[in-house]
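Every chain is named by a letter (A, B and C) in the order it is written, and numbering of its residues begins at 1.
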């Protein structure tokens, strides 16, 4: 059962876009990206509301109180009780209408979702990611299920993943700070030399998507592109089996550089 | 207790008048030329960046072949990295800081508080010359064989260590920033002391113009936090020059590694107050101008001053929101998110007070007022977009995308730039004794407003579209293909904005020599500088004024001398019932 | 007028000390972050710094603060001869401090704690260099005062300069003692 990459080359976006097409984010192929999109739209709605009020004030007052139309200004220092009350209420309205709400929604999303890493029972797909100037390398455990062993599957640029399974990434960098960015899941996390950072996703739609580096990492930062290749579950297993087979004779196990990985652990 | 400088003779030689002057007004102008020069350099860099983003592979028009002979006029990738790094560095440290804080701070503080000069004129002069030295070091870095610093203005290690940045460019950057830090700290000490000790008799803290409040709060933040950057940059310099391992980690560090993330903490402990340092003077200036041109008192003056103070204090507690993607502990992350949100309250208060100031006023739309109203618009928009970035989950997507670039340009560049232009049009008559041309000023205003809204709103759009930062060629990514028309639109807006500055340059230079002569008080405003001739004599005040009322006494119905305002030296006119 | 300007100079000195304090505070923050992130300190395989030169430096710092203070007292009471003596003593102790620092840095290299020897050595070198650089500034100030000590017209008329330099000297002394405790004892 060979996997067929060409089947996965879906390009749902128009090649020749108009100006307004820029207003949409990349297609969301994750189970949790909608939480971020929702919060963005909610904040936008509140911002439009308050900014409209600001503009009504700004443009409205500029029109109504043009010196030709309103020659006598109202002499007040704005420190009467009623005026202070109104200003305070405005401040509190902004805070409770937007700030408090979005903070609480975001906090819930973090605690209940983004920081809730898959447990061992959920049998997540585990991938170790190495960022370096200027490419991505992905390490999958081989048939032994252990990382940093001779049968690991190492792939440069291409990240093969299945749909409908939780995937946990552990990421580090070899040289400078990079950032592992999957636009179609709305997530990114920095790749820091000397540290391991983590991220988890669950994907919903097969296809080929972009991986980018979102932290300035040198001259060819813009070329540090990867391909996120999302397979159906059968195709993923097929890919993994084939890649495992190839790994047996392709892995340069005499080279200590091969063993950049680390034991997964339970941290 | 008020301190007073003695009247002194004017300097006579060219050297003592223009190079080593102790006069705050001359030093202010020195900072102004310096800042405008670097604004031009930084602006040119921005155009080079935008050209590359919209038209990759095309030679830059007119000067491309001269600048990049080896690539037929096309900006190469390593130069591009240097361009965006130095664009940020120059605009923040060499354009905004010298113009808003160095020039207008120096010019306005003594005049508006009724002093003959700053507390320490020698320190003031040294502050300029250190800044000049720093500028020279930075410019020199452009001519190094491997070019200038190219690790972003944020200069994160390990990219900014020898691992990512061999060569002297980054070293020169560290040195230039350290020397500039010395200049800024000297200035901060001077401003703080002057405002505390040299206010004219009768001018309490709540009788100062809000411009002075802004400059005072800025100086306080500068004094406290510039040294933090200084320390960080010094440690980076040691890593680069002496082999220390403060910020080296990973494969490079062989024994007892350092911590690159520590640099980020240190940088942003400085960096977040820094953005407030840049905006506070503009907030103060706008608060005053809205009152001056609406011919009524600033609404809620005390609340505005206290809100600005609250924002100043809170700004020190929120820096972690720049680091959400580095995976700090969950508790730290949540704390920074919550604290960041609290800044909205005082910001909303003084913003509401701005609208309260023009409410029921009698508004004149002279150029300083147009620009001040422009600040209200762009800061309102920009400030609100900060909310997305303060919220952790939306920030995970938007971090390091053009959304951030749009946000900080709206709040930092647009607001401060418009505020700086407002200040320039307003104080030009006092500085140079002539009026600027109002028609060209209005042309400048509209071109700038249309241009900058196109650029920075467009950036937020492509940021939401996922376009990440510091990219030499966005066309490499499929998910960004639909952003191409918007990117081109942004570039055209930037070009419009650049062209829009030409009327300003022309107006500025022409008016300085041929502008209509300015009277003592062309704007009919009551703060102390307008009681003096335009320009003032070299020791400002013949007699130190005694202040009897606030800075925004406009529209008092009890006035009966034909004016609709009172000078701060006049007793407040009360009604017959008082 | 002189008495008037004193308060403004006080304010300026206070602000300056806050600025310098923040610079050193950042260094101490860095130290704390490094130390508490490491499983052991000094880091594995690295020996602790030899203490003899830091101890000598600390003694010199304390003595020089005492002599600076005495010099100031005599300046205020216009006793120029003792003022000169104590200023000279302070100056010599300051110079001796620099000598002890150079010997300290040489000693570090001798025991293998080079600047490139990892984070522990980086902190030892980096923090003491920055402190020494500020001591150099203080020495320039003290040299100026030494010149003034021989000008009769300056006796008693440069209160601010003498007292502020003394304060700065004490400030650097306190920073040294904090560094000594943090880097060498804890």
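Note that contacts are C-beta pairs under 8 Å (C-beta built on N, C-alpha and C of every residue); 3 or more make two chains touch, one makes a residue touch a chain.
Just so it is clear, the structure is predicted and the values come from calculations on it, not from any experiment.
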Arrangement of touching chains [line / ring / star / complete / other]: line
Most distant chain from chain A, judged by the mean position of its C-alpha atoms: C
Mean-CA-position distance for chain C and chain A (Å): 49
Inter-chain centre distance, chain B versus chain C - centres from mean C-alpha coordinates, in Å: 35
Separation of chain A from chain B, taking each centre as the mean of its C-alpha atoms, in whole Å: 32
Chain C residues counted as touching two or more neighbouring chains: none
Per-residue multi-chain contacts in chain B, two or more chains: 253, 257, 259
Touch list for chain A against partner chain B, complex: 11, 13-15, 17-19, 21-26, 35-36, 39-40, 43, 47, 50-51, 54-55, 57-58, 61-62, 65-67, 70-79, 83-84, 86-88, 90-92, 94-95, 98-100, 102-103, 106-107, 109-111, 114-115, 133, 172-177, 179, 181, 183-184, 186-190, 192-195, 197-198, 209-210, 212-223, 225
Chain B residues within the chain C interface of the complex: 1, 3-4, 6, 119-120, 185, 188-190, 192-193, 196-198, 223-228, 230-232, 234-235, 238-239, 242-246, 253-259, 262, 265-266, 269
Chain A-touching residues of chain B, taken from the complex the two chains share: 77-78, 81, 150-152, 156-159, 163-164, 249-253, 257, 259-261, 294-303, 325-327, 330, 333-334, 337-338, 341-342, 344-346, 348-349, 351-353, 355-365, 373, 376-377, 380-381, 384-385, 387-388, 391-394, 396-397, 399-401, 458, 461-462, 464-466, 468-474, 476-479, 481-486, 489, 552, 554-557, 564
Complex interface listing, chain C residues touching chain B: 1, 4-5, 7-8, 11-12, 15-16, 18-20, 22-27, 29-30, 33-34, 37-38, 42-46, 114-122, 125-126, 129-130
